[in-house]
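Labels run A, B, C, D, E and F following the written order; every chain starts at residue 1.
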Amino acid sequence: MVETVKKAKILTEALPYIQRFSGKIVVVKYGGSAMTNPELQRQVICDLALMKQVGMLPVVVHGGGKAISGWMEKLGMEPKFHNGLRITDAPAMELTEMVLAGKVNKELVQLFVQSGTKSVGLSGKDAGLLLAEKKQIKGVDLGFVGTVKTVNIEVVKLLLDQGYLPVIAPIGADVDGNSLNLNADEAASAIACALGAEKLVFLTDVDGVLQDPEDPSTLCSSLNRKDALAGMEEGWISGGMIPKIQMCLQALEQGVGQVHMLNGTWDHALLLEIFTDQGIGTMIKEDK
Amino acid sequence: MVETVKKAKILTEALPYIQRFSGKIVVVKYGGSAMTNPELQRQVICDLALMKQVGMLPVVVHGGGKAISGWMEKLGMEPKFHNGLRITDAPAMELTEMVLAGKVNKELVQLFVQSGTKSVGLSGKDAGLLLAEKKQIKGVDLGFVGTVKTVNIEVVKLLLDQGYLPVIAPIGADVDGNSLNLNADEAASAIACALGAEKLVFLTDVDGVLQDPEDPSTLCSSLNRKDALAGMEEGWISGGMIPKIQMCLQALEQGVGQVHMLNGTWDHALLLEIFTDQGIGTMIKEDK
Amino acid sequence: MVETVKKAKILTEALPYIQRFSGKIVVVKYGGSAMTNPELQRQVICDLALMKQVGMLPVVVHGGGKAISGWMEKLGMEPKFHNGLRITDAPAMELTEMVLAGKVNKELVQLFVQSGTKSVGLSGKDAGLLLAEKKQIKGVDLGFVGTVKTVNIEVVKLLLDQGYLPVIAPIGADVDGNSLNLNADEAASAIACALGAEKLVFLTDVDGVLQDPEDPSTLCSSLNRKDALAGMEEGWISGGMIPKIQMCLQALEQGVGQVHMLNGTWDHALLLEIFTDQGIGTMIKEDK
Amino acid sequence: MVETVKKAKILTEALPYIQRFSGKIVVVKYGGSAMTNPELQRQVICDLALMKQVGMLPVVVHGGGKAISGWMEKLGMEPKFHNGLRITDAPAMELTEMVLAGKVNKELVQLFVQSGTKSVGLSGKDAGLLLAEKKQIKGVDLGFVGTVKTVNIEVVKLLLDQGYLPVIAPIGADVDGNSLNLNADEAASAIACALGAEKLVFLTDVDGVLQDPEDPSTLCSSLNRKDALAGMEEGWISGGMIPKIQMCLQALEQGVGQVHMLNGTWDHALLLEIFTDQGIGTMIKEDK
Amino acid sequence: MVETVKKAKILTEALPYIQRFSGKIVVVKYGGSAMTNPELQRQVICDLALMKQVGMLPVVVHGGGKAISGWMEKLGMEPKFHNGLRITDAPAMELTEMVLAGKVNKELVQLFVQSGTKSVGLSGKDAGLLLAEKKQIKGVDLGFVGTVKTVNIEVVKLLLDQGYLPVIAPIGADVDGNSLNLNADEAASAIACALGAEKLVFLTDVDGVLQDPEDPSTLCSSLNRKDALAGMEEGWISGGMIPKIQMCLQALEQGVGQVHMLNGTWDHALLLEIFTDQGIGTMIKEDK
Amino acid sequence: MVETVKKAKILTEALPYIQRFSGKIVVVKYGGSAMTNPELQRQVICDLALMKQVGMLPVVVHGGGKAISGWMEKLGMEPKFHNGLRITDAPAMELTEMVLAGKVNKELVQLFVQSGTKSVGLSGKDAGLLLAEKKQIKGVDLGFVGTVKTVNIEVVKLLLDQGYLPVIAPIGADVDGNSLNLNADEAASAIACALGAEKLVFLTDVDGVLQDPEDPSTLCSSLNRKDALAGMEEGWISGGMIPKIQMCLQALEQGVGQVHMLNGTWDHALLLEIFTDQGIGTMIKEDK
């Protein structure tokens, strides 16, 4: 009984956090280990179901690189990359779409439905959600790799209004109807901007922004635009972190309230970030 | 950090309970020690605010006997009772209404508002909510003590629909406009019936129904109609418990889903009853 | 029969006035003799019920000074004033709230309900309607006397939309939840501004603005801002009338259409002011 | 001033009548002298505008026999009747429709609009409101005289919902699109039934049902079904009154609350019938 | 069967045109031979019914000059004109209104209803749609000829929203309630402006704007503001075409998307103009 | 021009058919050659887009057997069948879901979107649309082949209400979340029943029901329940046609208006069936 009362106390302690974000849209880019480790996946689904139930409006944009690579292997196709971008020829594109929109997406939807959460899976083709164009990089033919041109957000708003949790596969189509493989971070960011989301959360395998990349204890729990620009100039934000930070700053500029980088290998990382004051990753926001 | 993860686990464990009662109306008769003890009161407010936030639709009907007695004393008026019913002459009625609708009701509303919960206080006079008539008992003039005749529930539904938590003082008016002092249990029950509430909870100072009144370990955690009728026939439900049980059975008959008797002196009694399987009081329901 | 036809003629003569104010919000500060004299009170209730029925949207903010003083006397508490402001210590505040929100407010609601008018009583605590702070006057501790800081008008709009006549007691709460005694004129004015009311009517015991305070025949039936400022400069608006006029001008500035000062001791004063061209009090409006 | 207060008293006396019929549909067959006498017409328009403004939902179905006859004369056409039914050949029908739908109907609408009342004129052709068929009488060819077959009430409900006063000309169309001349009493009755009107009022030139047709003092102010049937059997309801009474009884059967026969030559006859207890004509209703 | 498949192909070819104008308001001034020739009329009704069914929102404003002249003749009244404007004395006005609002308007409505299209006929008097004033021309008394002052478009919007096709007779009323005869082109233009229509179509007996009035092959299928102004300066737009073009330019200025001049003597002229790229008349639009 | 006028005539001839089915739900099972032949596919998409645009509410349930078989071949998996049912082991199920929900479904959605039709793709997992259970056949383990248990139609209704064309892949999930391969005919039928569809159309490679299976000229263009039962008894309905007919009869029983069997290899088969009187396949309906 004492145990149960303790639980009740904890529930009521969450009240102010629940009230603060009630009715707010939270777009979560869901990828990395939190997707491939079943226990972590169970926790993410559970955390998002709870966020939905207590009144937040989560939207999930998922990756699926490992599943794609697995299927390419089965088919004897060789994954090729250029600077981290998957070179996607026509057969690879066909497979990528099948895996993302037909397998990963529907598995996630099914997990939500079984957790008692009304959920609908979409690809960027549905209702013309993500109109894209081929990504042009000098000297390399990336194939069917795209970048988002226009977001037609109507169907996502409709589903949110009616109590559904939308789960979105990062597949776009160009004006001729060709499928294009989109970067999930970019798709999530574009959708968060189109929704004017309160929060955009990148659930990945890194802790966030470290002042000294070698030392986890130097994690910045909060970073505003000025800090971020300084970090890039001073060099402690470098390498692959630079385009990520630039995407975050762009999202802030286009009306997203805050952007979070979060290590999904932590238990209940999402809930901790939302329901505690300090959080566990890096929150990036505009200068006051 | 370990502590925080544990909290997150507990939050997610509450999910099925939250989902089960989401959108359901819960009428709580709030009285006894849970009202006079400030710490218990803080917990009740907090529990109800949480229930509201996670999607339930609580309605509070409050008592206030101690506060009335206190003010009568200040004014040199002597409380008089007949079989537990407060004999209420005209000056006592005027004071009773002021204390219940002007003091106790507004204090509760204020506590909800400060907890971030939209709340409106009503007496049974507002919008003609509780039309009553004088209670007739042979040989005794109870004065302005009433019994509910008609419930005009429209305003309560309106407030629930618009996200408010209604707090109701058990004051009625007869057709001539005279104020009448109502029994809070009866008022709560009438309101729960008019709303077709999922749950009606009596938060009082007793544990529930005991098979042996001397032995708290004989608490019935669940009781259906057949059991209750048997208990009254066999005599282990007796005395003041009989009219309470009859009111419960009548509420079930008129469409209330379940009735709970709950000891409000337990910490977070409300939350424990709603968010755990066994609960801590007695739940009365129809035979299957 | 001739008499009845005459009545029909009179009804149809009211048509243009009814049409002019149909759907318009009219906030009435209700105080003075019109509140304590039963026959005048009956007329005010009746006038407001009619205004409601023919399509206007009246909101009542009531006083209750006499009732408060009466109860203080019963309790042996001595009313203390400073420049017309009631000094309100903690026990006086508790009593004031009980009398205003528990007695006067509910009596008025009951009279409306019995006249066939859907009505709900509110205090400034309900739904956080009137957030206030202590009034600071140098050298005097007024106790729990407040001034309006923020109006959270949502619940009043909801009730008006749904056909209710809101009756409001001038009690506010500060951020810490302390009850504060508000000036009813100020509360009415703040509510009228928040609603963008067409009319704000002060129903008091004075005729309106007199050019010669000694001579009732010098009543100004209409006054615009320029006139009012002139009156204060020239001195024929003086004394206690100055703050009243300043409040009126401020209300006009914040979007109220017209402000009326009206002697509630006249029979059907409200109806006469609304349903006749000249009216019987003083109407204050912006310069064209 | 005394006069004005008297007016206010009269206005408030009407309150209970206004409340009783607020939101109720009242279909008025408007014909006879009340239509041709300009002063009576002004009063009828005024009475209906007032009824609308105070919350009733009047619908007007008008006649226009005199205007039709006038135009036939101008064109050298000779009015022909058979048992009170106007024999209507093709040229007469064309003229009848022009006069009713193009002249009388629009004049009435214009009067309402000028009185500040939103009003739309319809003929039975608009939105297929009155589908009719030729009236068949053995041995006589009545020409384009019709009887109502189906009422498609949707457009009238829409206009009422949106605050318009519908004014309807009794012209129908058969399945082949031929215009048919309808009896205005019958059209009004059919529309009242389709609307489930609270009241159907025949505003004509007779006082109502008299027990002794020679003696106006024998007016029945109220008549239930049993009385009416008795009257026809006993013979004091006879002649042209019989089909009228039968139409009334049929309307009651099909859900109309009460039917009124009213002498429109009385000043403000409509208002008197609605806003006084006894009324001035005959009210026919079901047996209790 | 081959024939039927060809039909199906044609239907699907219309799809892009249907989609382009779905939900768009199209105001059609309907006059000339297309009104008096029964086969052309049948086609116009059919074309409009189809436009409605596939999602456009047509509004019809009709003329009726021939029908008026015919009736004047029957009554021995002599039509008089001044510069193409019908001089309208009181008896002529009475007749004009009866013919337009009572005969032509209702005939059109009936044709729509029989084609399965929900339709309601209005004159400019209904719901105060067209407030007009007498047209003043120096030295000539045109009688009851008016020009549009204010459009109260509410009722038309309501009917469009609810799926009705409004058919409007060009009759207005002045502030005193006098009927005024309006030019149908002007009424259609005023209504199109008030609705912010996508298209305003003048269905008349001329082909459109010709660069050489003698040579039909010089038809301008499209004309922007600059061209039109040039045409008037250069003289190839002249005579009666000048005020028409000025009205078109004014409509564009007030928010109408495009204005079409169309020869209604062509079979299915309306459908050809809307559902083909080049169209058959002249389309006038703003400079890009 | 003559050609264009002919087109206009054909468009207007379709009007009655369009009106008859406006607002009616039509569920189309889309499979067979009409899916694999690009030109036929283009026509089907076009026909459905037109049906949508003119006011019908089509819902597509698609098959995809050929695409599945193609991918199985690529992966060296051998298709196995039992009585026409595809035996589906775990790897086959994974592939089937990817092909149906990730490839075929999204391709169709994309074609609709490019045709200007708002469309969303769903699998039976989305929003718990198709709850299924394993199909039990004695002596054979069909693997993950399912049969529909419950249809949760809410999301489909929502999309139809908001103007979307839903495209549904016949994948279900059992209570444990396992994917199940559903028969597309059965899924279409279950969805049509849940929607109370006006029409259920099976677009396959057979002409419909033939009285003499050898002779195409014996096609039954219409069949009621009595005929169908007779056909099965008399033996001219036999073999694989029997379960199809039983499914049709069951759909009629559960509220579907009519069921159509249609040969999708005909050009514009869908449009011909809907927009002509006789149609080209077999229509099955209840006895009158």
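Quick note on the criterion: a contact is a pair of C-beta atoms (placed from the backbone, for glycine too) under 8 Å apart; a residue touches a chain by one contact, two chains touch by 3 or more.
This one's a predicted model, so the numbers in the text were calculated from it and none came from an experiment.
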item	value
Mutual neighbours - chains that touch chain C and chain E alike	D
Per Cα centroids, the chain farthest from chain B	E
Interface residue overlap between copies chain D and chain E, same or different (over half shared)	same
Pair in A-B, A-F or D-E that repeats C-D, with over half of contact pairs matching by residue number	A-B
Maximum centroid distance from chain A, chain identifier (CA atoms)	D
Rounded Å distance between chain E and chain F, as computed from the means of their C-alpha atoms	45
Whole-Å gap between the CA centroids of chain B and chain F	55
Centroid distance [mean C-alpha coordinates] between chain F and chain C, Å	68
Multi-partner residues of chain A (at least 2 other chains)	none
Residues of chain C defined as touching chain D within the complex	1, 4-5, 7-16, 18-19, 22, 43, 46-47, 49-50, 53-55, 115-116, 266-268, 271-272, 275-276, 280
Chain A-facing residues of chain F, complex	74-75, 94, 97-103, 105-106, 109-111, 113-114, 118-123, 125-128, 155, 158, 162, 164, 171, 173, 177, 179
